[in-house]
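Notes to accompany the following structure.
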C-alpha cells in the first residue's frame, strides 16, 4: 500500500519503486514500528481524535500484526514500500477504515526516527552484554595466567618482560571505554521524535510527552526539524563501533602473531581454527582474521553515513533512508563477532614454556640502566652505556649476564656482584610496580578492579 | 561439505562456522565457479591427472549443477561453507569419488580469485552499458534543448548565462571518464590466478596458460603469492565507482535544486517523484535524493576494503573474504541507480520560460567588462569599474542596462550606444565560443563528439 | 640530540631521520611537554631519585625553556627528532649532566601520551567556547526573528510553513549534542599515562598518582600497556568533530541556498562574501562553502587515524606518531571555522518579505487534510482527497483557496466557510504547537531552554 | 592584492580572509602558475588583445617573478589571497597598468585547474621514478637471494616452502600495477582547462588549443563547466596512492614480522632502525612502521576529497579549494617514504640460516597429498589422509618423515620408500613450476620479466 498518491494520475516508475523500496531491510524494525503505533493510538485518544473503541480496535489490530511477524506469517507484498506502509496496509486489511485514522498527526518522518531509536535501544543492550562477555573471558584467563611471563614488545621488538595477565587486562580497559561510549550515546539517543510530524510539529493539541514516556524515552526532542532529520545517534554508534573495531583488530593481530609457529605463545582450541582446502596440515585462525578484517566494514559503515549526511539540506531528505543498512550491518557484525571472540579467548591455551623460552636477556637492559642510575649515573648516560654493552655482547655472541663484572665496573665503578641479580625476569616484572605496571600486586589490583566492572 | 578436516578430532564451533560462512553472499559466484572448474578439468587432463572419461563425467556433472542453479533448484546446505565447497559437495553427491579429483593442484585461494575476476568481467560489461544509457539520455535532452538559456552559477550565485545543452553535456564527459577508468581497470583485472594454488604455484607440470585462455584471460598472473592475495582489481573498481558516485551526487544535487519551486528550471515526470505520507501536495525527487545519498555507500564500500587490506601479511589471509560484500553492494547500487537516472533524465521536462525569467542583467557584468577592455581599459580596471556599476545599480534598484550612457562614459570615455547591445543573453552566450564554451557552434560540436562516444 | 644510540656504531640514514622526525608538527606540544616534565621532577624527588637542589635546578631550567618558546626564541636544531628530545637537548645545554636524570623511569612512550592528553584539554576548552559562540549567534538571531515565517522544506520541496526562529534553533540543539559528546570525550581522556614507562610501568617505587594529580588528571591509567598505546581519546575527538562537521555542512548548505537570488531568504553581510576575479557582480558565500567543504577533511582525518590504528600490535608502535597531524588539523580547522560562522550568523540579514512571498498555498495542504479529519474523514482518506484537490488546482492554474466550497463539500459534506480560514500561514504555524513544533509559544520555550544552555 | 572588490564598500572580515586564504599551501604552485600565465599572454596576443610589446613586457615580468621564487626572494604579503593574486600583485608592482591585461578572458577558476594539472604532471614523473627505485631494490635483492628458501605463509601459518626471491618479486608486480594506474591517470589529466573562464568559456575569438599545446596538454577540455570543476584527476591520483599505500603497508608488515627476534628472517641495516629513549637494547624498525602507519593518511586524504566533492553543485564552488592539501600531503608522503623503503630494501640482510631453520616438515603435507594422488588416491581423500597423519605425528611429537612406511601404506598401499624423498624443501620448491610458482626456473623467468619493466 502506498501512503500517498491522491495527486498522482500515473503510477510510479517500477524501477524507481524498487530503488526506493526499503522494506527488504527495514522490516527488521517491525516490532518497534508496531510499539510506536500503539503508543500513538493512546496519544490520539488523549487528544480526542480517537474514541476508546477505536483505540481498542487499533491496538488489537496492531497486536495481531505483531503476532503475525513473530510467527513468521506476515506477508510482505510487492507493493509495500517500507515497514510503516506494510504495517498500515495490513492494519487496513484487518480493520478497514479505522486504520486510516492512525496516521493522524504523524508522518513517516517522525515515525521512522522513533522506530530507529527504539530499535537501537534493544540492540545496544544486547551489544553491551556481548562486550561484557568478552571482558569476562579475558578476566577469566587473566586470573589463571598470573604466573606466566612473556616478552612485552614495542615496535614488535622485545622490550621488557610482562605478565600474561597484564597483556590480557589491557583489552578489558579498552572494551570498558567502548561500553561507556556506547552507553552515553544510547542515553543521548533516548529522546522521542514522535509528534514532530513531517518537520514542523503537529496540531493535535497534545504535547507528546506521554507517548514519549510510554515508549521509555526521557523527553521529546525540543525541535521538530531536528527531530526528523537528526541521525547523530546512528553516526555516534557507528563511530563507537569503528573504534571498538580497532580494538578487536589489534587483539586479533596479537593473537594471530602469538599463535604462529614462530611465536608460539598461545594455542587456539581446534574448534576455533579451520583447515585448508589443499594443505592438510593447516589450522588457521580464521576467527581472528575475520575480527581483524571486519574492522574494515565497521569503519566503512561509519564513512557511508557521514558522507550521506554531509551537505544535506535541513529537515527530512530521502537520503536519510541510507542510514539503516550501515547500522544493521555494524550491529550484526558485532553480534556475530563478539561471542566468537569471547569463546575463543575463553578456550585459549597459553603456552607458558614457549613464553619463557622466548625471554631474552636484552629485555633486562632497562633494569640494568636503572641499576646504574641507582649507583649514581644519570639516566641518559646509563642508557648509553648499556646500549654499548648490548652491542658488545651481541658482537661476542654472548648474553648480557655473561659480560664480566669489570666490564660493568668500567661503566660505573661501584657496581658489584648484586648486578647479576638483575638477570631474573620474575624480579624484573616485580619491580614494575608503578604506573599501572606489570608487578604482581599491581596486576592483582587491576584484576579486582576489572572484575568490579562486570558486576 | 567441508573441504578439510582430516587433522581434526573436534567439530568447528558452531558460532565460528556461521561467522566464517560466506555462502549467503558468495553464491552469486555460482556460475563463474562452475566455469572455472570446467576449465580446470581440461588443465588436469592435459597434465595427465584425469582420463578423458573422467573429464567427461566431471564436465557433465558441473553442467548439471549449473542447470540446477539456473533453475533455482540448487539446495544450499547448512554445512556448506562457501560456493566452492557447495558446488564440490554437490558434485560429489552426483558423481561420487571422481569428484574428489577436481581439486588436484587447485586451492580455494586461487579458485576464489579466479571466480571474482570472471564475475567482475560480466558485471563491468553491464555497468558500461548502463553508463552509456545515461549518457544517451543526457545527449538526447541536449539535442532538444539547444535553444534554452539559463543562468550559469558559480558558488551557486548567478554567474554567466549558459545553454541548457551545455549544462547537460558536462555530465556526459564526466561519465566518459568513468567509463574509461572502469574499462582500464577491467583490462588490468583480466589475468588468471588459476594454478597459483594455495600460494606457491602447483606441481602438475602444466603452465596453466591454456586454462587462462579458455576462460578468456590474457595471461596468468606472473607471481603466485600475488595471484592469491591481490585485490587491487576490486579496490580499483570500488574507487572508480566512488568517483562515479560523486558525479551522480552532483548531477542529483543540481536537479534537486532546479526542480524546487524556487528555481523551477525543470519538472520531473510524475513517474519519477513520490508523495508524502502526511502532506498531500508533495511530489518529491526521491530518485535524485537517493542518487545523492548513495554516494555514501559507494565511498564507504571503498573504505571498507582499503581498511581490510591495510597491513595484511602477504599471501592469503582470511580477511580477504571481506572483499565480496562491498563489491556486490557497489555493483548492485549502480545497477539499480543508473537505469532510473537514465529514465528520469530521458523524461525530464525543461522549463524554458522559468529559465529565461531567472536571467538577471548582472549575469552580463563580465561582458560589460570585456566591452570596456575592447575600448582600451585594462581588464583589472574594467572589472573594478563594472563592480562599482553593479553596486550603484543595486542601490538604485535598477538594472545595469538602466544606467545612463554618461555613467559608462565616465568609466571609459569612448563608450557609445553599442554598449547597450550587450544586454542580450543570446548574444552573450554566442560570444563564448572558445575554451569549450557555451556558444551554439561549440555546443553543437560537443554534441557531435558526445554522440560519437556512443557508437 | 638523540635520546638513544649507545648500541649504534653508525649514524641513522639521513632520509630516515627526516621521515621519522616529528618536531615540525609536534613542537605545538612544547608547553605541555615542559609542564609534564616539571611534574615528573617532583615525582622523582618523592621517589628519592632527585635531591631538592636537583629538582630546583631542573624546574628552573624547564621554566627557562618555556620562556624561550613563549618568546619565540627557542631554536629547533636539525638533529632534534621531536619535541621531547628538543626540550631535553636544550635542558642539557642549560644544565649539563643533571638534565640526564629527568628521563629516569620515563619513556617517550608515556611522555607523548601525557603531552597529548594535556594539550587536548586546553584545546577542547577553546573549542567548547567557540561552539557556544556559534550557538549564541543563532540564539540572538532567533530572538529577533520570531515573527518571520518561511517555507519549511522536506526533500527540498515546500512542505509546511515554519518560523525563521524555529529553523535557527535546530542548529543550537545539534551543536549542544556536539558539545556534550566532546565534553564526555574530554572527561574520558583525563587520565594520566605518566609512569607507564615504555610499556610495563616503572620501578621507581612510586605510584604516580601525585604527578597525575599535579597535572590535573583524575587518576592514572590502570594498565601501562594500554597507557602507552591508547589513542581512543584522539579518535573520539576526531569522530565528534566529524559529526560536528556534518552539522556545519548542513547549516552551510541551507544558507548557501537561502542566499541565492532564487530563494533570497537571507543576505550575507558583505564582509562575509567575496568577489570573483573575472565577474564583477559576484558576491560569493565563500565562508559557507568552506564550512561545507571542510567537512571533507574532518571526516578524512578521522579515517586517517582509524586506518592507522587498525591491526596494530598492542603496546607502542611507531605508527602512533601519525596521530598528531590529523588531530592538529581538525582542531585548527574548527578554530578557524567556528568564529567565522558565528560572526556570519550574527550579521545575517533575514529577508522577511522574500520569505513571505515564497509561501505557497500548497504548504497548507496538510492543514486542509487535518480539517477534513476534524470533520470526520479518516486521515488516510483526507490525505488522498486533498492530493486530488492539489492536482486539480494545479491543472486549473489556481490556488487551493480558489477552489469553490462545493468542491470541498464533495470531499466531506459538512465542510463550510470556516475552511477558508485555514489559508493563513500565521494560523498554520500557530497550530503546530506540539512535538517540538513551530508555534510561537513552543518556539519561545525552546528559545528559553536554548539560552539556559549558554549560562 | 585582491583581484576583485569594485562592488564592495566594506573590507572583507579579517577572520574570513584568513579562512579563505590559500597562499600558505598553494604557493607550491608558483612555477606552474607563472608558466600558465606566459602561455596565456601568447594566446591573448594571437587574439589581438595584446601588442607584441605588451607580450614582451609581461613575459619578462613573469620571468622576473619566477627568478624571485627560485631565489627564495618572493615576498608573500598578508593581503595575498592565493598564488594567483600574489603573482598578479607582484606583476603589477613590476609593470604597472599593463599587468592588468593579463587576466583578460581568464578566471581564477580555469587558472587554478590549469596550474594543478601542470603541477601534477611533474609530481607524477617524480613519483614514477621513486616507484621504479623501489622495484629496482626488490629486484636486486631477488637476484642475490634466489637460493634462499623460507616458509611461505597463509593465514600467517606455515603453508608451503617458497623462495625468498619469489617473496620479493610479488611486490614488484604490485608496484607495477601502481605505476600503470598512475600513468593512465596522468594521461587522462593531461587536458587543458585554460580558456574555460569562470565557467562558460571566453569570448576572445580564440580556441585555446595553441595555449594548451604550448603547455604540453593534449587538447582542451571539451566542456567549460566540466573544465572548471572537474577534480577527478586529483581523486584518481589519491585513489591510486591509497592502493599503493596498502601495498606498502603489507610489505612493511611482513618485514616487521620477519625482523622480529621470533621470525628472524631478515636484519635491517642499523642505519634504518632507531633506538628507544629508555630501553638501551632496542633497534626498532621505525621506517617500516611509518610505511604501515602512513597508509592511514593516504586513505584519509582520498576520503577527504571524495567527501568534499560529494553533492557539490556543478561548476566552480569554493569547496574545491580543499583539493590541494590532501594532494600535496599524499605526494609529499610518498616522496618521503619511497626512497627510504628503497634504501632499506637495498640494504636488507636476509638471514638464510634462520629461514632454513624455520622450515617444518608440515610444510610438505601438500606434497605428500600430491604423492598419494599420483599413486591413485583422489585428491580429496589424500588430503584427508594426510591431515590425519599430521595429527598423529603431532600427538606423538614426531615429524611427518618419522612416520613409518607401513603407516603410509595403510593410506594407499602402493606407497614405497620413494615417499621419503618428498621430505626435501628444495625439491618441493622445484616442483612448484606452474601457475607463477616458486620453482627456480619460474622465478628466474619472473626476474627477467621484472627487470624488463625497469628498462
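Lettered A, B, C and D in written order, each chain numbered from 1.
As a working rule, a residue touches a chain if its C-beta (ideal position, glycine included) is under 8 Å from a C-beta of that chain, and two chains touch if they have at least 3 such contacts.
Keep in mind that this is a model prediction, so the values were computed, not measured.
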item: Labels of chains that are neighbours to subunit A and to subunit B; value: C, D
item: Pair of chains joined by more contacts [C-beta pairs], A-C or B-C; value: A-C
item: Separation of subunit B from subunit C, taking each centre as the mean of its C-alpha atoms, in whole Å; value: 33
item: Chain centre separation (subunit A, subunit C; CA means) in Å; value: 23
item: Sites on subunit D at which at least two other chains make contact; value: 3-9, 103, 109, 154-156, 159-160, 197-198, 257, 275-286, 289, 292, 295-296, 299, 302-303, 306-307, 309-312, 317-318, 366, 383-387, 389-390
item: Pairwise touch network: line, ring, star, complete, or other; value: complete
item: Subunit D partner contacts - residues on subunit C that touch it in the complex; value: 2-13, 15-16, 18-20, 84-85, 103, 106-109, 197-198, 269-272, 274-287, 289-290, 292-297, 299-309, 317-322, 325-326, 336-337, 339-340, 343-344
item: Residues on subunit D engaged by subunit A in the complex (per definition of touch); value: 151, 154-160, 256-257, 260-263, 275-286, 289, 303, 306-307, 310-312, 358, 360, 362-363, 365-366, 368-369, 383-387, 389-390
item: Subunit B to subunit D touching residues, read off their complex; value: 3-9, 49, 88, 92, 97-105, 109-110, 152-156, 159-162, 166-167, 169-170, 173-174, 177, 180-181, 184, 188, 194-208, 220-228, 230, 232, 235-236, 239, 242-243, 245-246, 249-254, 257, 292, 295-296, 299, 302-303, 306-307, 309-318, 366-367, 370, 373, 378-381, 383-391, 394, 429, 431-439, 442, 446, 449
